[in-house]
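Look for chain A in each of the two complexes below; its partner is chain B in the first and chain C in the second.
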Partner chain A sequence: MYDVAVIGAGIAGIEAATQLAQMGYEVLVVEKDGRAGGHVAGWDRLFPFRRNAAGLTAEMLKMMDRGKAVNILAGTTVADVQRDGQQFRIWLSDGQGITVSAVLIATGFKLFDARRKEEYGYGIYDNVITSADLEQMFASGKPVVTKKGERPKRVAFIHCVGSRDEKVNNRHCSKVCCATAVKQACEIKQMYPDAEVYCFYMDLRMFDRHFETMYLDAQAQYGVIFVRGRLSEAAESIDGRVTVKAEDTLMGKMLKISVDMAVLMAGMEAAEETDKLAAMLKVTVGKDGFLNPADECLQSNFTREKGVFVAGACTGPKTIPETLADARAAAVSIDGYIRVGSEEKSLREEIIGKIRNKREEIRSRRSRSEE
Partner chain B sequence: MDFGYSINQSSKIDMDRASGDIAAQVLRYEPSFAVCIGCGACMATCSAGRFTPFNLRRLQLMVMRGQTDSVHAEAEKCMLCGKCRLICPRGINTRNVLLAIHHFTAPAPTLDIR
Partner chain C sequence: MRQRFIYDPFVLPFMAGFVFIIIYLVAGIISAIRELPCEDRKKLGKSIFSRKIFVSAREIFMECLIHRRIFRRNRMLGFMHMSIAFGWFLLIVLGHIEVRLYCPERVNLPYFPIFFRYFMMETDSTLKGSLLFFLMDAALLMVLTGIGLALYKRINSRLMGMRRTTKLKLGDRIAMYTLWAVFPLRLLAESFTSGISGGSFLTRGFGLVFESFVSNEALIRPAWWAYSVALGTFFLAMPVSRYMHIPAEMLLIVLRNAGIKSKKTNAGYGNIELYSCSRCGICIDACQMSAAARLDRKTTVYFMRMLRRQEGDIEAAARQCLMCGRCVQACPVGIDSCRLKQNVRRSESFFSPVQYRYFPPTETIRTDVLYFAGCMTHLTPGIGKAMQTIFGRAGVNYRMMDEGGGICCGRPLMLSGQEKSAAIMIEKNTDIILQSNAELLVASCPVCYKIFNEEYSLPIPVMHHTQYIEQLIDRGAVTVGHTGLSAVYHDPCDLGRNSGVYNPPRQVLRQVANLMDTSHERGEGLCCGGSVGNAVLTGDQRRKIARDALYKLTGEKPDILVTACPLCKKTFAGAGLQQVEDIAQVVVKAME
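The block that comes next holds the complex of A and B.
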């Protein structure tokens, strides 16, 4: 008998489940992949301090297991959900049915399929790879080499691939790619100090506490060269190198450069079948494909549907610390909901009612002033 | 008395004197003009800019800042191939922007608009 079902065993799902278990709830985590840990478990090192990613997820799973109150069902998806009064009846792909008081959606994101930016040649040219590919190369422990097995002398990082791009219907900034590019650029320089490393960016979004230090180190310590310009295209030369074209906007001139390897910083999109799950749970989806919380500030882990909660990158791109904080907040929200949710007039309804009234007030005030 | 020197015009953008009239006209004709972030993708793919100093990104900015003296002559250099429109990550109708800039800075109208 479970109290809460968590959908997704990435870092958001694991963290929320751990917290809920500590509060005394029985939690079932449903994970579509064969293993827990999500994208983070497949990464090599994390910005800003290059902490080992697999180590982080392993530690999180150890913490979770300590409580023995969480059960992870890997390789399982949610087939159907039906509300039964205050509770939810959930049917899983393995045929089993469970009843829970609350559902937490922690389905995260999927990486943008870089083949959709055909002009950059991913999947067509040998030495155009994605940030995730490079991370796997790093994780393998072997030196990073070109398709022919040679060490790259020149590497270009291309920011905003699949992000901030109306042409692929992704208006949003994926938030983590700038910091990842700078991290990976430094790692390449560390591996090959005499390699030339370029970052092609539109805006460098170094928003978090240690990011500016990373940026500074990339320039001062590693000599990474930053060019402000969005790529128009990449082309493969006869010797298998990649020629990229951009405007060096700060020079006001077109620029082309041949590199041994071009790394596309693939952005985040809402995870596969987020919309299907959202429909099942009656959660609204934004134009960007991410889920809408009930209120961006005050109800960021609630949805408009009673008993359905959200955490992590399913509500938009987030860094790892942001995701973990969000997961903890979701656990607190769920705890509050379950404790008072059975009362006829719940605290939550009161709060939402208040916010709604306030909003109406502001809205009517605004429309009055417009008249 | 001629001292043999003159006073140079200031090269700074004087926003107190700059007029936003042309920018406003272009905006009205093509509202997507407003959303340029200056990424330069249009220029990276520009056929005309490859051989001439033509630069649409700069042209947009000049109009936005009211620096329109040389804008019409610059706009003449565009070949209207439309590649910039295909590439623009903000989805700007760059061709319409160019045509509007050309029209509103011309001595006689070049587009059939009221």
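The block that comes next holds the complex of A and C.
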């Protein structure tokens, strides 16, 4: 028997599940991939302080396992959901059915498929890669090289690929790519101090506490060159280099630069099949494909559908600290809903009784271990 | 039969309307023909005394009376139009036959056949008379059926296969309601008179029914008065209504068969096209801005009305168009409304020749085959790369004309009305092409292909890459296998409908993939929504059109959607629902 089903075992899902388990709930996490950790687990280092991403998810999973109240079903998806009074009956892709009191959607985002921005040549030109590809190169521990295996002398980072772009129907800003580009640009410079590194940006959105420092360091310490101008197109020369065309809007000049490697800062889109899941759970989807909470400010983890909650990037692009805070808030919202919001008295009392016992058990276990 | 009267005052409203419309039409036709350029007038003169006049007569019969093109679109709609037009025509013809047979001395009175049954009385039931009366009644019944259907169409147009029908203005409404009233009033008048004049199954039948509860004698003259007033009002309202299409379409058919086409101005032929529009509204459903983005009021029928009445922001209306040609294809009258819109789009307000100083000095390229990728292919490098692979495999001596960016073909400027600017591009590009000594120009973008064909006077043939690939395969210059993929082909507007290239892409695709049929192909092909013809549409509206087109095209779940236009490919990719590939890319896959 589970109390809460969490859909998605990215950092939002893990954090919310951990918090709910600590409150005494039995939680099932359904994850479509074969492993937990989501996008963060596949990343190398995180801005602003370049902490290890795999370390972060490993630590989170360890915290979660400590409660022993969370069960993760990897490689599983939600096949169907039916409301049964105050409860939800959920059928999973592996055939089993579970009944829960609340559902938390934490399906996160998917990276924009850069092939849709064909003029930048991803998937066509050898040396056009995405930020995620570069991060994997970093994670492999080997030096970053071009397709031919040479060290790049000139690298361009292209901001806003699939974000803030009406032409691919994504008006939203993906929030994390500016900081990621600056981080990756510095890392390239650190790896190859004599390489020329360019960032082509529309606006640099360095909104968070340490971001301006990163940006300053990138210029003063690393010598990254920032060009304000959106790329119009990229072309491949015979030697496999990439010629990028852009307008430097601050200088009012057209630029044409040949680089050894172009890195596309792919933006965020709502995860695959978010709309299908939303339809099953009767949650409304915004024009941008992300889910709509019941209220942007006061009920940011609630949805219009009672008992269905949202956390993390499924409601729009978020940084890691924002996602984690959102997940914790979702856990509190779910706890409040189950304890106070349940309309059926008998069910409510049953759950509360169970939780009371559970909490006492946790407390006694803790005091015993302290002794 | 015997004559009762020769005149009654109730003929006056009809005569007033009739004389007015005859004078108006004669003056209109003279001024329309005077507006034609001299060469066109000569063409017209020649055609009248040639076989062409019979072609025109046949077409007038098939289109203006039978409405064959509307029949092809929807049988009920065709039947409605035919019933009214052909039925009315029969009434007029049979009416004149009656006069010639029974009262030949009154042939010169224009109102006599119209009010024949009031002026004549039956003396004995001749066989001839009953046959003619039967035919007259049958024709009247036909018109009444058509009007019944027209009434019903105003309530439920879907029966006739129309999602939307035209919202009419005052002039049209007056003419339409009076036209609808004319025939029931005629039925009443003839029924009331049928005791004296005789009649057939319809008029005599109704006459007997009426006799049982009203005094037919007393109602005879009021009914004929009402009939005459309705007819007269219809004629008076005709010049400000859509019913000008009746005479204008006949003139249009004669001109078209004389080989006269729309020119760079809307005077003359264009004006006759305007008057030929019957505002049937078939173009409303054909337009994807209306079908997918709910811009019903921006469709061609409303533009045509604005242009004819010279009211509203005509230029804005002309610019709110994808120029995909679907309305032209659907138009039962064959009006080239895209040309009319193009002629309204004239402005040199922003660009001036001075602004093209940055053109690179023309570098001389020498080659056999010149390849013009075009700006959209530069933005979809997958297509350009595929073409280079194909050229390489075929061992063709080719050069790219716009490798480093090149000069625009000029069509987007042309479409936005900047003809002078476009002329500069055309001149520069023509220089490059001529200097190259190339034997062939290959274009990847249908937008460029169309302008190379139509506005450049090149001494060498121009091919779109679909045609060129077909030729290479036929020649054995490239050999292809079968990819095993199922494919739906999307006809780009400027390649298909607007340039008539339908078969080469299909020939190629049949060899490399399993080509699936859709109901939206060839002339009925859809616009992707990305058209450079419209610079006013918002991204959101374009997205709606693209998604709608994708849903319609991929209903059968093909592995790939194939197109032959970089702009279509890019627009569909932006909608992000289905993988779209250019035919060149599929061919490259099949070569491996």
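By definition in this document, the second predicted complex is superposed on the first by the 342 of 371 C-alpha atoms of A that agree within 3 Å, B and C clash if a C-alpha of one lies under 4 Å from a C-alpha of the other, contacts with A are read in each partner's own complex, and residues count from 1 in each chain.
Keep in mind that, in the parts below, contacts are C-beta pairs under 8 Å (C-beta built on N, C-alpha and C of every residue); 3 or more make two chains touch, one makes a residue touch a chain.
Nothing here was measured: the structure is a model prediction, and the numbers come from that model.
*Asks:* Touching A:I124 in the superposition: chain B (first), chain C (second), both, neither?
*Replies:* Once the two structures are laid over each other on A, A:I124 reaches chain C alone.
*Asks:* Which of the two partners, first being chain B and second being chain C, lies in contact with A:M202: first, second, both, or neither?
*Replies:* Once the two structures are laid over each other on A, A:M202 reaches chain B alone.
*Asks:* Applying the touch criterion given at the start, work out whether A:E233 contacts chain B, chain C, both or neither, answering first, second, both or neither.
*Replies:* In the superposition, A:E233 contacts both chain B and chain C.
*Asks:* Is A:G252 touching the first partner chain B, the second partner chain C, both, or neither of them?
*Replies:* The answer is first: A:G252 touches chain B but not chain C.
*Asks:* Return first, second, both or neither, reflecting whether A:R116 touches chain B, chain C, both chains, or no partner chain.
*Replies:* second
*Asks:* Classify the contacts of A:E166 with the two partner chains as first (chain B alone), second (chain C alone), both, or neither.
*Replies:* both
*Asks:* Please report the chain A residues shared by its interface with chain B and its interface with chain C.
*Replies:* After superposing on chain A, chain A residues 119, 166-167, 233, 245 contact both chain B and chain C.
*Asks:* Quick check: in the complex, which residue numbers of chain A touch chain C?
*Replies:* Its residues touching chain C are 113, 115-116, 118-119, 121, 123-125, 166-169, 233-236, 245.
*Asks:* Please output the residues of chain A touching chain B within their complex, sorted ascending.
*Replies:* Residues in contact with chain B: 119, 160, 164-167, 202-203, 228-233, 245-249, 252, 254-255.
*Asks:* Which stretch or stretches of chain B touch chain A in the complex?
*Replies:* Chain B reaches chain A through residues 37-46, 49-50, 55, 57-58, 86-91.
*Asks:* Inside the complex, what are the residues of chain C that reach chain A?
*Replies:* Residue positions touching the partner: 378-382, 385, 405, 539, 543, 569-570, 573-576.
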